[in-house]
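Structures are listed in the sections that come next.
Shared between the two complexes below is subunit A, which has subunit B as its partner in the first and subunit C in the second.
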Partner chain A sequence: MSDLAISTLQTQVKPERSAVGSLRIVQTASILVIALVIVSPLFMLFVASLKDDRFQILADMGSFRAFWVSNPTLSNFAEVGNLSGELAFGRYLLNSLIILASTVGAGLIVNSMAGFVLAWGSLRGRALILSLVIALYVIPQESIIMPLVIMVSRAGMTDTFAVQIVPWIASPLYIFLFYQFFAQLPKELFEAAQMDGASVFRIYRSIFLPLSLPALATVSILMGIETWNQYLWPILVTQTDYARPIAVAIATFFGQDSIYWDRAMAASVLMMIPILALYLAFQRWFVSSFVGSAVKG
Partner chain B sequence: MMGKRLLSMFVASAALGIVMSHAEAKTVIHVMHQGDPGWVTTYGEVAKRFEAANPDVDIELIYAPHDAYNEKFSAAVMSKQMPDVMELDAPFLANYVWSGYLQPIKPLIDQDILDDMTESNVAQGTYPIDKDLYAVGLTDSSVVLYGNRKYLEAIGARIPKGVDDAWTREEFEGYLEKLSKLEGVKWPIDTFRGYGIKTEWITYAYGPILQSAGCDLIDRKTWKSVGTLDSDPCVDTLAMMQQWVKNGWVVPQSSGTNQFFAEGHPAALAFGGHWFYAEAAASMKDDIVVMPLPKFGPKGASPNGTWIWGITTASEHPDIAGKFLSFMLKDKQYRDYAKNDSAYPGLKSFAADSPLYSAGGPMAVAFEQASKTAIARPPHPAYPTITSAFMQAVDEIFNGGDVKAALTAAAEKIDTDIEENDGYPPFDEQQ
Partner chain C sequence: MASVTIEQVRKQYGAVPVIHGVSMDIEDGEFVTLVGPSGCGKSTLLRMLAGLEDISAGEIRIGGRLVNDVAPKERDIAMVFQSYALYPHMTVAENMGFALKLKGEGKVAIEKRVREAADILALGPLLDRLPKQLSGGQRQRVAMGRAIVRHPQVFLFDEPLSNLDAKLRVTMRAEIKDLHQRLKTTTVYVTHDQIEAMTMADRIVVMRGGKVEQIGKPLELYDRPANTFVATFIGSPAMNLFDGAIADGQFVTNDGVWLPMPADYRGAMAEVYGIRPEHLTIAENGAPATVVVVEPTGSETHVLVKLGSADANLVLRDRVDLQPGQPVHVAPNLPKLHLFSAQGTRVN
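Here is the complex of A and B:
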């Protein structure tokens, strides 16, 4: 190659490289901006939880002082961490954790079993059942909430943990999600296990379930967030502190005349931790599930 | 050995049976309430003191957050789990009585408490059809105009001495304009838009501005809103308020509810509730001035009414429920908490014990309004629709919407609700 040709090639490559570099800068800057938008409210929440003057928190909100605390204190956390008394926030947090663990645990079993049966079972009318399940998904929770309140009340379930767990274990969305995942697995897996004499339950438990970690992670996170953020339902079906979750307790700080930002922020931070931990624990599979769904269409 | 085991099991079962039958013998009174952490704790302590004085009664407190209180009560009604005693926002009383949820309270409450009620307190608990009392409270409420003394002196504003001396609309708007140009003032007034439209604030506090201007949310004789809420005085008054917002004179909703006493005192005036005084005065000391609400038209008007207590028709032990309410309203620690919270007196004995509101007290003008300018919100079963429609209209107007169109839409919504309920008989016969 002549010197002239090499020099021409270099001049052609240089602008391409600089264009790629600029693109990367724009991409990085965009990601940083998006990350900042997502992280800054959480950071502000955490900073505010370390301030003990609720009026100062409010006054700081309109400026950069919202992201800075000069005299940090854990007094708000101490006030909302009590396990007994009139407003036992520690107790409410514990209640929320019990409801979360039970709903998600039972939800994974029930929904995955239902999804598996719809995908591989020999049940008659599976297609119709699946259509009904999908149709149920479009019904908003709010529209059935009052009849549901009457039902659980007649069943004597009000003010219990069960009333906050049982109605939300089976979900059309998660059944469909599991169905979709199981249906994509190779047919040979099922047939080979069948030929070896494995029962349907054995095939589900020993072969398909271990392969469905991404689906399990996705459902755990989505169901976890949904359960953790339940607000109206627990208000309607609980009467006392016995089984009330923390989301309801935090509302106490938003009174008719005053808002107790200091304690509300500390309680919100406490409330955020378990769900954040759940997400971090399952993040790898959660992301891979979404990527898988995107690739497979 | 076997015999001893059986005997001990029998004794244990018998003991358990005795304990259980004793527990069952207790009368349980369910009390539904709202309130911030301080009030929740106070109610809990009152309940404990009542239980100590009445060992055969258990008070079970049912807390519902303020913004979901009505939903909680609706669920309780539908599931047939109404409490014995319930806290209710006074303007909703007519709706609750009309719906058959509350029972007359006079025979159930100690006579000395009934005799102790202020006129405004009686008014907020009275059902307009049978004129009977259905609810009682220790407190009442009002809204006043708070001012920053330094700013008012800087613009040479006249400080009203009492309710009869209130600013006129012209004076008020003139001062707002002057304050908008004064150094240090970011917003001439905080009308507490920060409370949002999920609370009663807009109807409670802005309704009297309309009444002062010569109109109302609804005609209180014909119970029709079209022709009243969208009448010229109402349109003119809300156009005036919209202009304040457009001028940048009003603290925006996003800036919260403490700009009057926040660092630097960015708001010069505050159109605020009586409960605002304690926080503002603690921060501003002598710089706070308490004034009556301005007259926006031919007469002065101010709001009243607060959360009061009623006994439901579902109560199987209304006498004990009444006994608990009487106990609570006389409870010293309960009253002390209310006093420290700068609660507005609804009982005369509580007023006498509240130097804040007595003659010469810093909030005396607020108490003076109760007897001179207080107007209750419309005592009609359609009130939930009235307040929701009005709040939506005001929100639309403050966000730049057409005033006449927004008020007409609200008025039509109110009238439609009344028509759909056949006029809420016997309210339709009042016409």
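Here is the complex of A and C:
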């Protein structure tokens, strides 16, 4: 190849390379900005929870000092980590964990069973029920909350754990998620199990449920976050500390006269830990579930 | 082991009939193949036998017992699926022992039966593996193992070799036949591959459009097909068929080609002249034809010729030196001639 030809080729290639380089810089910068926007409040929260002066926390909020602590202390955590007493945040955390575990545990069983029956059961009017389930999904929770409050008060369920668990176990969204997952499993698996002598419940329990780890992980995380962040419902149905969750308890730091930023920050950090642990435990299947659904359409 | 009786069985999906009154008797220990093109209803019939599809009308009996309304698990049959349908989260041993576990058999008994089945199918070293760690052939053997471990009265196979490559298919074909010869369990085997049907079955049921076209032993179907559909479906390359009429003691094709007739059938009402490729030879005193394609396979040579405007296949055992475009003369082996009416029914 002649020198002229090579130089012509180089001039054609160079602008393309520089365009790719610029694109990468823009991409990296964009990712950094997004990461900063997401991570900085969390970091600020964690730093503030280690400061013992609530007025200092408020003063630092408008500057970079919000991201720095010179004398870190765990005293806020010690104050809010009690299981009894005025600041029994350990107790509230435990309440939230009981509600979370019960709702998610029961929710996985009930919603997966419903999804399985809709996908594989010999139920008359399956299509109609499925349409109703999808239609129910678009109704916002807040719109049914007052009738629900009246129902649970008449049933004498207020101020209990049950009232915070039972109404939220079955969910149209999670039934539909399980339905979609089960429906895409091959028909032959169901039929092979039938030929092997399995009942419909046994097929669900021994074949389909063990194969639905991605769906179980997805529903666990989504349902866990939803349950953990419940605020309006517990305020309406709890009057005492007996079954009150941590999300409601934290709000008590934000009084009319003063705000206890130090304790609120420590309690918020405590509140984040279980849900982060849940996500980290299931994230592998959670991500694969979303990737799988994208690939399979 | 048990006999199977299918009597006037019909199947409709809504108003659409797909099986039109099929009847057949399958003897105890017999290997019967249901064969036909896609959509002929062979898999639907098998699924009705398995209890996976409802029967719209008619009766199915297994071992003399009417099973129309009996659940699949109560029929004492085992089925091998085209896609194997192995449980992905269970090991080979767990897959094979699942049915026995559901029956409430003890752990020791299950292990013994699984080990026996694994020995028959050479699956011993694979028992702790998951299905995803197996090749296609091994998965197929596990699917068969899952069936034989139950000692069922009837085995059902739904196109079990369709997902395998050609070489493995031949090996597995022999394995299934060998397995049947050893176990002597009544077997109903669905395939669209007529070679599979011919090589494996004691009897073949040829189906088309939800009806049985012919039932018989493989060579009976080959030598005396009941109609032009069976004649062309069984055998590869397919039987040569020429439309025409008998005139002056010979058969004249619609193109005006004269073909010889045996003396016995010169008065027959035949309008289709059929001859298998291996029964058509190159002969000096035959009908004039032109070579189109020559395909040497080693053991034999396939030759496509034009006989008038019609195509005709020849399978020659001898190696021949023919060139495309070369004029030749072809002659049928008259005792092997097949004559059909205009409706396609055999007349000789």
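We take it that the second predicted complex is superposed on the first by the 267 of 297 C-alpha atoms of A that agree within 3 Å, B and C clash if a C-alpha of one lies under 4 Å from a C-alpha of the other, contacts with A are read in each partner's own complex, and residues count from 1 in each chain.
The working rule: a residue touches a chain if its C-beta (ideal position, glycine included) is under 8 Å from a C-beta of that chain, and two chains touch if they have at least 3 such contacts.
As the structure is a prediction and not an experimental result, all values here were calculated from the model.
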### Task
Could you tell me whether subunit B and subunit C fit or clash when both sit on subunit A in the superposition?
fit
### Query
Touching A:I150, do we find subunit B (first), subunit C (second), both, or neither?
first
### Message
Once chain A of both complexes is superposed, is A:S122 in touch with subunit B (first), subunit C (second), both, or neither?
### Response
neither
### Message
Going by the contact rule set out at the top, does A:L211 touch subunit B (first), subunit C (second), both, or neither?
### Response
second
### Task
Check the residue A:G197 against both partner chains and state whether it touches subunit B (first), subunit C (second), both, or neither.
second
### Task
Would you check which partner chain A:E188 touches, where first means subunit B only, second means subunit C only, and both and neither mean what they say?
second
### Task
State whether A:S70 touches subunit B only (first), subunit C only (second), both chains, or neither.
neither
### Query
With both structures placed on chain A, which of the two partners, subunit B or subunit C, ends up touching more residues of subunit A?
B
### Task
Aligned on chain A, what is the least Cα gap between subunit B and subunit C? Give it in whole Å.
42
## Note on the structure
Within the complex, subunit A is touched by subunit C residues 50-52, 71-73, 77-79, 81-83, 85-89, 98-99, 102-103, 146, 150
### Message
Residue numbers of subunit B touching subunit A in their complex, please.
### Response
30, 34-37, 39-41, 44-45, 60-68, 71-72, 74-75, 78-81, 199, 254-258, 261-263, 273, 275-276, 279, 283, 307
### Query
Which residues of subunit A touch subunit B in their complex?
55, 58-59, 61-62, 85-87, 146, 149-150, 153-154, 158, 231-232, 235-237, 239-240, 248, 251-260, 263
### Touch list for subunit A against partner subunit C, complex
186, 188-189, 191-198, 202, 206-207, 210-211
